[in-house]
Amino acid sequence: MLVNCVAYREGHKLADIPVSAISDHLSQPGCFVWVALRDSDQREMALMQEEFGLHDLAIEDALHGHQRPKIEEYGHTLYVVLHLVEFSPTDDLQVGEVNVFVGPNFVLSVRNRSTLGFLGVRERCEREPELLRQGSGFVLYALMDAVVDRYFPIVDALETELETIEGQIFHRGAGRSNIERLYELKHKVTALRHAVSPLVDGAGKLHGGRVPAVCAASGDYFRDISDHLARLQTSIDTIRDTIGTAIQVNLSMVTIEESEVTKRLAAWAGIFAVATFFVGVWGMNFEHMPELKWPWGYPLALGLIASTCGVMWWRFRRAGWL
Amino acid sequence: MLVNCVAYREGHKLADIPVSAISDHLSQPGCFVWVALRDSDQREMALMQEEFGLHDLAIEDALHGHQRPKIEEYGHTLYVVLHLVEFSPTDDLQVGEVNVFVGPNFVLSVRNRSTLGFLGVRERCEREPELLRQGSGFVLYALMDAVVDRYFPIVDALETELETIEGQIFHRGAGRSNIERLYELKHKVTALRHAVSPLVDGAGKLHGGRVPAVCAASGDYFRDISDHLARLQTSIDTIRDTIGTAIQVNLSMVTIEESEVTKRLAAWAGIFAVATFFVGVWGMNFEHMPELKWPWGYPLALGLIASTCGVMWWRFRRAGWL
Amino acid sequence: MLVNCVAYREGHKLADIPVSAISDHLSQPGCFVWVALRDSDQREMALMQEEFGLHDLAIEDALHGHQRPKIEEYGHTLYVVLHLVEFSPTDDLQVGEVNVFVGPNFVLSVRNRSTLGFLGVRERCEREPELLRQGSGFVLYALMDAVVDRYFPIVDALETELETIEGQIFHRGAGRSNIERLYELKHKVTALRHAVSPLVDGAGKLHGGRVPAVCAASGDYFRDISDHLARLQTSIDTIRDTIGTAIQVNLSMVTIEESEVTKRLAAWAGIFAVATFFVGVWGMNFEHMPELKWPWGYPLALGLIASTCGVMWWRFRRAGWL
Amino acid sequence: MLVNCVAYREGHKLADIPVSAISDHLSQPGCFVWVALRDSDQREMALMQEEFGLHDLAIEDALHGHQRPKIEEYGHTLYVVLHLVEFSPTDDLQVGEVNVFVGPNFVLSVRNRSTLGFLGVRERCEREPELLRQGSGFVLYALMDAVVDRYFPIVDALETELETIEGQIFHRGAGRSNIERLYELKHKVTALRHAVSPLVDGAGKLHGGRVPAVCAASGDYFRDISDHLARLQTSIDTIRDTIGTAIQVNLSMVTIEESEVTKRLAAWAGIFAVATFFVGVWGMNFEHMPELKWPWGYPLALGLIASTCGVMWWRFRRAGWL
Amino acid sequence: MLVNCVAYREGHKLADIPVSAISDHLSQPGCFVWVALRDSDQREMALMQEEFGLHDLAIEDALHGHQRPKIEEYGHTLYVVLHLVEFSPTDDLQVGEVNVFVGPNFVLSVRNRSTLGFLGVRERCEREPELLRQGSGFVLYALMDAVVDRYFPIVDALETELETIEGQIFHRGAGRSNIERLYELKHKVTALRHAVSPLVDGAGKLHGGRVPAVCAASGDYFRDISDHLARLQTSIDTIRDTIGTAIQVNLSMVTIEESEVTKRLAAWAGIFAVATFFVGVWGMNFEHMPELKWPWGYPLALGLIASTCGVMWWRFRRAGWL
């Protein structure tokens, strides 16, 4: 589905143009066309392929979807796949894609399975004609920057979730829910890592050293994206590492808790074993058990039992078992 | 066993030819021969070695089998080993091999220990003569592409299996079966990784930089395979990593479960220890135990025991031990 | 907020100058200006950007804060971000930043969210004019050196904390507090690692090989910083590794402790089970139990029970269970 | 101890020669000498050093023994150390060494602490004069190939051992013997890895890129060895990885087993606690306990106890605790 | 403190010279001076700095101490820091340092906090004038070789310690002492690794490729050191890896032991629960319990209890629980 199709010259918007007028503008010097599609079907992509002369393999990838993020050169055209990550209403991570084709005089972006649009990007670009004059490479930067900037709040949300779990990790009895939440968090982090990691390498090839021609004018800007990606990567690695430690620590806490329960069990079992032994003694049927005839025998017996158990209780208490 | 042997010129099929006519076609310019064998024996391989001038070491590897996947140059000839992975009827992974020899004017593929054929590949190639015109390098691409594409459903099956296990990982009492299934899954993933990992490096040498001559015309296509392999590699690494975490989590769950059982055991042991102590008290043989003579002594005693135990039960319940 | 603004020529201080006089001094040969700001706002940064011709992206990063440490070249200007790490009053690690812009004839340092100042650095530089003559690159060295040197006492504090925990790791009953302290320590080490790790790579680019022009004269000095960073990195890695092992060892100790408790529980349970069985025997109501009539039956019975339990106690003791 | 000493020309054996005749043959063009020693002493090595002009450091290493596998160039001479790994009669791994010195016109192999000889290698070489014509480099290949080929049955034996353990890992009660066998297996794998890993790098320098002169003619053959080593490396890494997982899984199984025992213990303890409570009730000495006088009181009581316990048993059974 | 100060020409000792005569000898061609200091103070170092023209930063490092091992070039001078590792009387590892400054015509070694001297090195060098003729680079080799050779017995001691622990890892009841010893061993290995690891990289730069001028003549010798360091590194990595596995295995053994104790506890608890139940039955006060009146009732009851418990004992025994 066509979102919009605009021609630019010298950084300024010329006009919204129909798809049929694309080829006219492509041939004009200093002019480039920026087309945005959404959830495109095969017919639409075939049309675009013809207009911009795109490579079969790139079109196939874009139609098939579920690519990993990547930056590939086909002749003078760059083919960029980025993951769009957002929280679904049920708080899961939902991963869509945007495919961007960038040639010297065109940008084609195809967004799939995502509610996140790029209208804001286009508006911002049009407000800064002196930057947009850098050409289609700057549009690629603006799109990548928008996508990468949207990863930060997600990393923040995952860090917050991790901190919440950490706040409960030393609480008694929270072992089961902690481990479930850590496992789920690990899945989310993995999804985000798949969006970020492959880009770190890819974006590194858009500045410094040999750079695709369309990106040459915007080197500092692509380095800025690389830097953001490196920051994300660090945060993600830290979360992953911390999850690993947290799972270990949680297991330790569960074991410690069990050990505490075992101690309490042992202490109470000991106290009652002694008491039961005493009452058993005076339940024996020997004929000559003088204390059974004492008038104060019964209360004395109860008192003896109570005080013995009391002493045991006090000693277990002092040892930290109770 | 010979599957088929066909000569091509300019991307079009000339004819099915007998093995004896191979050398005639090899000498014609713009012409190449594509031979497919299956489960070959030594005699057949010796014949092929003579026809195509293959290197001793490559032939030895192909006959010996059980090679790791690799891409080797012997002069102008490429020797490629790929693993064919498929599910056996008993749901295990079965690993076969295909050995491909590619020279400027021939392709020889030898498939061993696998039910997966390549007839579809040949048909698809013959339907696209404009691509097949790229020569024997394109045939190599088509074969590799077919092999690599067959890894995806297997990765999907393993991911599904992993998700099934994950669905049970927080269930009580599933610890033993989970760990068995995770261990088996790990084995399968390892088999698949052995098929994919060595190829990631190998395939990277068929595009960009210095490239074997026969592959030079199909660089973009081999990069596409590299990209697929990288995707597979990512999926496999994620499965491996998740299995590792799942084993840890499963251990945590078993420990948590044991801790819960210990708590219940402790609670019930405590309740009955108290009850047994009480009945022991009134089983003592002291002469002066006035309550034994009360008409309502017995029901009162039972009531006292029941209510004490009830209070304990309620407190254990509130503490989450029961 | 302006801290100070000084012009230097040939390594000697010329004068404290107002901001408005900066551009006059920048145009004088052999002269450079060193401006120090603190917790700057947007207006102030805009002024500086104009004076020194700084890049938009660098200014944006400096204003936004929370960057990872990095060293970036924008044309002839170096943009350096360093973390300032200090202990807060509550013994947590507090991370601030200093942004340094270094051009051929100026140094601008902006310190954010930190109580650590750089007055000492300026004084030391002014005392060594023969070194300060190397120009703005040497000022960058002096600032980096001051920041990096402040990491050492923090690493020492973390090592001391780790040793304190280690001293208790084989103590009985310290499992819970150890694991909490190890987890907290891990967080602190991670914060410090984020300050140090990215710099190791970055600082490596300021000596040897191709070096930014402003640093060329001070290569040996920047190598010294690299060496300090490598030392810090080694210490941090060792602490991290040791924490990992300590968590494992702590879990082992908890399990060993639990195993000892279980053994004691088993031993006492056994002893009392035997005693309770004996008293139960003589509590049976059979008519023909001759020992019940013996005059010394009761003391004999108690003696038998006591000696049996004594033997058991002694054997458990010998086996190390009690 | 001298094993044999033979001169070759153009790939054909000239004659067995005495050590004193070596220098004569070294000076003849197209001729090379192949000397094999076993468990040499200092005197013999000194003689060889003089004959072939070997470097002090290499001789020192060869005499000292216990080197890691390596391939070093001393001028035009290659010094190669390989580990000879074999099973001892007690099923341990025994590691010997072979030191090979290869010059343009000589090969000297010194085998230490191993029962594995190289007579077969010499015979095979002499049967293929067209290959042996490649010179001393081919002899090095043949020796390395023989050594590396002998690693395969050992890897196979270790894999078989691992599979045997895996077959028992889910058996109840095998935890202790499994862990002992896994630990021992780990030691064997480590020994083999020390033989293989350093060679992977070393052998990679004997083909492709810059290659020592004596190996230049046999590049494809050395690549074949590299390939075998890579295969071994993969197998070894897989075994190591699987051992790691198996140790974890074994721990999980032990914990699961313990948890099952705890459940059973809890169930039986519960059943007997109830029964003991009941008999305690009717052991109380209250005067007014009407059921004690019922003629059928005793059997009814036993029946009540039996049926209560039966119900409990059945419910525990259904819950999988018994 | 000055140990000695000697001038050499053409590999032969000229004379012990006073410090004041150093500069005279430095100016003579083909002559070099070798000064050895011990636990130097600032004054002495300042003197040496003046004599040999050493760099401020190197002197600062040497005075400050606690450097990591490193090899740095300052102009034509090499600055080398090596760790001296030895066992203290209490069997801890004690780490000292030697700082070596090597210029074209001088060697200055400063040994700090260590009892290990280098007199033997000097004597050995003076006995081999043909090697010492290589100049100051050879002296550096001789010093490094001596330091590195002293690491081997320490690695051997650590391996022996590890084997001792391993010999006890499958013993019952040794869990606590094993884990303590493993943890202490890990600390020692870490100290040794800090001495060796940084040198592996550093020494690699003294042979092959671009090499500092003073080392150029002794390339083969420095490669020999690299080889020794690689051997040490392998041993250290293996010890570390084995410690990790041993900690895991030890935890498994403790868990297995606990599981065995739990089984025994369960078995005995079961046997006594049954016995106690039986005596409780005949302790009930029902009027109509005919067996109580049987003359042989009591012995029969005891016999029944004994035989029931016997059968249980035998079955538990057979199941391996007792």
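Note that the chains are named A, B, C, D and E in the order they appear, and that numbering of residues resets to 1 at the start of each chain.
Quick note on the criterion: a contact is a pair of C-beta atoms (placed from the backbone, for glycine too) under 8 Å apart; a residue touches a chain by one contact, two chains touch by 3 or more.
Note that the structure is a prediction, hence the values are computed from the model and not measured.
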Exercise for the section: State which chains count as neighbours of subunit A and simultaneously of subunit B. Expected result: none
Practice task
Determine the set of chains touching subunit A that also touch subunit D.
Solution key: B
Handout entry: Chain hops separating subunit D from subunit C, counting only touching neighbours
Key = 2
Exercise for the section: Could you say what rotation angle superposes subunit B on its sequence twin subunit E, using C-alpha positions and rounding to the nearest 5°? Expected result: 145
Fill in the blank from the handout: Separation of the C-alpha centres, subunit C versus subunit E, in whole Å, is 25
Handout entry: Residue numbers of subunit E (touch at least two other chains)
Key = 248, 251, 255, 258, 262, 265, 269, 273, 276, 280, 283-285, 289
Practice task
Take each protein chain as a node, join two nodes whenever their chains touch, and name the resulting shape: line, ring, star, complete or other.
Solution key: ring
Practice task
Quick one: what's the order of chains around the ring if we set off from subunit D and go to subunit E first?
Solution key: D, E, C, A, B
Completion exercise
Residue set of subunit C touching subunit E in the complex reads 166, 169-170, 220-221, 223-224, 227, 230-231, 234, 238, 241-242, 245-246, 248-249, 251-253, 255-256, 258-259, 262-263, 265-266, 269-270, 273-274, 276-277, 280-281, 283-289, 320
Practice task
Spell out the residues on subunit C that touch subunit A in their complex, using ranges where they run on.
Solution key: 55, 57, 61, 67-68, 70, 72, 74, 173, 175-176, 179-180, 182-183, 186, 190, 194, 198, 244, 247-248, 250-251, 254-255, 257-258, 261-262, 264-265, 268-269, 272-273, 275-276, 279-280, 282-285, 289, 291-298, 301-302
